[in-house]
Amino acid sequence: MKQYLKNTFDGIYTVLVGMKITFKHLFTPAVTIQYPDVKVKLPDRVRNRLYVNMDDCIGCDQCSRACPVSCIEIETVKSIPGEDLGITSNGKKKALWVTKFNIDIAKCCYCQLCVFPCPTECIYMTDVYEFAEYERSNFLYKFATLTDEESAQKKINYEKFQAEKAAAAAKPKPETPAQTENKSE
Amino acid sequence: MKNPEEIFELLKNEFGDTILGLDKDTPTESIILVDSMNINKIGAFLRNNNDLKFDSLMVLSGVDDTNGTKVKDEDGTDMISGGTLSVYYHLHSTNLKHKITLKVSTPRENPQVESTYNVWRTSDWHEREAYDMFGIIFLNHPDLRRILMPYDWEAGYPLRKDYKNPEFYKGMKVPY
Amino acid sequence: MYQFLYDLIGNEILAGLLVAVVPLTIILVFALFGIWLERKVSAHMQDRLGPMRTGWHGWLQTVADLMKMLQKEDIIATDADKTLYNIAPVLVFSGSFAAYAVIPFSSKLLGSEVEIGIFYVLAISSLVVAGILMAGWSANNKYSLLGAMRAVAQIISYEIPTALIVLSMVMLMGTLSLDKISQMQTSSFWNWNIFGGAVFGLSKFLLIPFMFIAALILFISTLAEVNRVPFDIPEAESELVAGYFTEYCGMKWGMFMLAEYGNMFAVSAIIVILFFGGYQSPIGYFGNSIGVQWLVPFEQGFWFIAKGLTLVFVQMWLRWTLPRLRVDQLMTVCWKYLIPYAFLNLIIIGIISLL
Amino acid sequence: MGLLDKEFSDGNIVIARVDDLMNWARLSSIWQLGFGLACCAIEMMATSASHYDFDRFGVIPRNTPRQADAIIISGTVTLKMATRIKRLYEQMPDPKYIISMGSCANCGGPYWEHGYHVLKGIDRVIPVDVYVPGCPPRPEALLEGLLKLQEKIRNESLRKKIA
Amino acid sequence: MALKTETMVLNMGPQHPSTHGVLRLELEIEGELILSVKPHIGYLHRCFEKHAEAMTYPQVIPYTDRLDYLAAMGNNFGYVIAVEKLLGIQIPERVEYIRIIMAELQRIASHLVAIATNGADIGALTPFLYLFRDREYILSLFEMTCGARMLYNYMWIGGLSHDIHPDFVRKTKEFIIHFRPTIIELNNLLTFNKIFIERTANIGILPIDTAINFGASGPVLRGSGLPFDVRREDPYSIYNRFDFEIPTGKGLVGTVGDCWDRYYVRVLEMEQSLRIIEQAIDNIPEGDVHSAIPKRIKPPKGTVYARVENPRGELGYFIISDGNLNPFRVKVRAPSFVNLEVMGELCKGHLVADVIAILGSLDIVLGEIDR
């Protein structure tokens, strides 16, 4: 009999305690961030969309080797000696034309393993998180700055230079090494 | 609290030749090699002997140690024939606080291992998973069927090193 | 009201129809408002904001839900029992709508002054059980069947404590008609039944604790009849996916929701009439004091709806605090706790009313 | 099938008004099917929690496919699960939408290369309306995906499209 | 002549509101009574072990995050300790302290979700939202230091990916002060609520010997009364420097080892984690977190098995390396995989509603069950 009354009292008492708490929360201000109108400023190390600053990229392929998901594809063409490709921000001389630099952001798992090995810190993660799409093909970001015919042109130059060098090397050995020396600076 | 050498001695004089050897060259833990057909008896002994008391099987993992010969398949991919599949048992005693690792290897063609279902109940799903991933048949296991892969998956055992993806499964293209 | 309309139009079928339309609009408007209120109350109790984007603070949200449900395709499972499947929502809604016939919103706005008011309400509200059973059985879905079985057991067994409490109140009041019960609790809140009724004397003070217990038991058992938490086991979403209306989609499911909210208000109206003085205002009528006689019925309507809404708010408040009971615990609460207390209460009130 | 598939003559003023009203009703009360697959499901629960509040957009989790308008595919779709999702999609009444949330649902994500049991993207089984990238996407990214879906519904129309 | 009754097979399918993800339970029920429960898993099998064989050692870490996606720090911790044991490298003090703080914060966040979903399964929706609101606080701490909310790739082999944020210490202290009263509020609202006690006490009782025989670990084993905790049994990292108790089930409300005990052990463990964080947060030594990270990770031939106390139980990594860049075989001993086996044992003779309560108290995560 005592247990019977204790159960009834327990039942009613704990229900009232619970109701007191929820009633108190009725008047505490809501913590909701009203997303479309109020956009919270994200901390500075946040990892969302990848961005590559192409004029710093020397095409060293470190990031695509470090990516566990292999969603970065890079194709480069060697530059022929005479061409000037500009200097990266930290003073490293660029020697490769980057004809193709595609990141398939749909595959990316945002693990930031590609950012650390990059010698010129040209690939980093921005805090942009609003890039939903209607089509999946729009997720393939092409960062390469060379247009198609320019890269084709670079390829042809390089093959021509290669053929010249092979022909020059096939000619008599003694007097050609001096010339090729200064040509390749 | 016993270290692996004492346990190996104890097992050696208990079971004689079915304990094949003690492999100590691995940097971190030494492994006792055991014959695959009476792992059940050895397990029961390890659990009930009161100065060993290995009452909990931490993990049972199948491994495809690719020591067979490379053979060209009809469409050019290399298959492994011969060699062994092995199963590692990591045991731990909750009150005597010591750990031991057993290793059992079986031929790759028809891999058969005695099930330790009645010794440690946790080996039920672990063995089903080893069967699902490597094709190791566990004798007198209550219901040995696939656990992670779909029950009607005929394209072989996925975690073997020479596993190839099927082209289609129920009308869905599998490879990317 | 029927008489008033009959004099106005002359044709009694049309007047009858018009009398039925008024509670229907009240239910529809209340259902729209109730669903919105539930979502806002639950949101603010959980420190969030609830619907915000459809109109100011989302007041158009339920209108949007209603119109969206109208556009949904109506799937009927191939081997579902077609006739029962379609009748069930109608039966459930008519069960809860019929109870409004006798509920006096104010002295003027009253469906029909039927002499056996409270008895009629108990009878009609068990029609809902048949509807739920039909819904659960005809959908040919295991979860709906389980939900329907639970609903039948729950609603029927909770009718007994409701009937006992109503019996004890009718014993005190002496009349079955809801209108008369409200009229007997006149003028200030001190004469409400919860405080021992209108007759001044020793029995009034003795009655007060037992009236509180009676009100509590009636509130709990009517909660179970309306399938509200902690008794919402028939449509327990965490166990039975969605209970007996798992297979219903679009407007048919809307009918179930309408019926649930209609029931909620009907049940809280019964408690208000029996214990909190029906449409009587707690502090006297403003219309009387300034001599405007025709204002009084509107004030009575206002007070009745205000009390009804506070009780509906308490039902929602309970929903967002308590976990759900299991089926057999539900039965023990009813048979081992509510019914013995109700009997005890009945006997004690009987003795006191003899004094 | 639903109201959407009937063709009406083009350029009718009344249709325009009813169009907006119908679209507004459909987009401001999208009821999502409350089921999640993997890590993105936890982020979806965080979105319906107090900080980001899905209920603000009129989105309530409904458990049966019969009463749901949208499925948010939140997590990795494996081959064993793909047949189930296809059946769920068919159970839903007609005006229904799919949000593919996270890299795994978009194209197999981190498991696209060696995942022998992973379906490479849910659009191989059901038609997807909005792809939300991220692994897992932030709750705000999911809300932005929902807004994009609402935009898409806003421009739907009962009129027959003149090609 | 007894009435010929037929048992009904109810399929709590991969899409069910309270199966914590994609788990199918095949219940054989008679009326409401349960005769047998057969869990079917594999709906989220993401081939982790195949990936681990194809990736280099540091590239496997993002995949370990996705095993038990509610306790990603714990998974990293386990994998990283296993590889460091294989390599035999020495870790700076600062890294050890930060790893412990992150692991304990992750334990609180994971227990919050466990308690929230357990309460929501039994019908109490409001605590679910209160606890998720507190969890957002911890997620913002993680996001401040390593940039991600749930899957961090934070603990690297030999160090950490980022050093802690300058005002991480202040924010963590604020969190501790804010969090203590919410535990008391949770206890008033849910733990000692009569209906919650009615639904969870004396249900799914797991005696100690079956628990050990089934290899259960974590709150499931401790709920049955055995104070077995890997942080105390074979202490890894520097857990032996902190003093904290191991809460076990005492049967305050029902018998020892029932659902309520497993639930209450998690609530008490959150207190203990707060204590550990308080002891560790003030004396984080100075140092560089990147110093001990080896440039090329090629561990010697051999096997290693390392155990870590994850919020769900004992998480073990068995790594076989054959001396080149990719691990030869990585086997994960997932605690939920082992804890779920007990389900068949626990549910006999209970009602359908109890299956949900028992499943909620086991607190399983499908990511690590199906790997």
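By letter and in written order, the chains are A, B, C, D and E; residue numbering begins at 1 in each of them.
Everything below uses one rule, namely that contacts are C-beta pairs under 8 Å (C-beta built on N, C-alpha and C of every residue); 3 or more make two chains touch, one makes a residue touch a chain.
Computed from a predicted structure; not experimentally measured.
Contacts with subunit B and subunit C are shared by D, E.
Shared contact partners of subunit A and subunit B, listed by label: D, E.
Greatest Cα centroid separation from subunit E: this falls to C.
Measuring from the average of all protein CA coordinates, the nearest chain centre is that of E.
Subunit B and subunit D, compared by their mean Cα positions, are separated by 44 Å. Mean C-alpha position of subunit B lies 26 Å from that of subunit E. Between subunit C and subunit D, the centres computed from C-alpha atoms are 37 Å apart.
Separation between the centroids of subunit A and subunit E, computed from CA atoms only, is 32 Å.
Shown for subunit E are the residues in touch with two or more other chains, namely 16-17, 42, 45, 47, 50, 62-63, 126, 129-130, 133, 151, 189-190, 193, 195, 370. Within subunit A, the positions touching two or more other chains are listed as 7, 15, 18, 21-22, 25, 30-32, 34, 68, 109-110. Shared interface positions of subunit B, i.e. residues touching 2 or more other chains, are given as 148-150, 158. Touching chain pairs in this entry, ordered by label, are A-C, A-D, A-E, B-D, B-E, C-D, C-E, D-E. Residues of subunit D touching subunit A in their complex: 50-53, 56, 103, 106-110, 112-113, 121, 123, 128-135, 137-141, 143-145, 147-148, 152.
Residue ranges of subunit E in contact with subunit C, taken from their complex: 8, 10-11, 16-18, 32, 119-126, 129-130, 133, 189-190, 193, 195-196, 198-199, 351-354, 356.
Against subunit D, the residues of subunit E that register as touching in their complex are 13-17, 21-22, 42-47, 50-51, 54, 62-63, 66, 69-70, 113, 128-130, 132-133, 135-136, 139, 149-151, 366-367, 370.
Chain contact summary for the complex, subunit B toward subunit E: residues 25-29, 31, 55-59, 61, 63-64, 88, 90, 94, 97, 101, 120-122, 124-125, 133, 146-150, 158-159, 161. Looking at the complex, you find that subunit D touches subunit B at residues 79-80, 82-83, 107-108, 112-113, 116-117, 119-120, 124-125.
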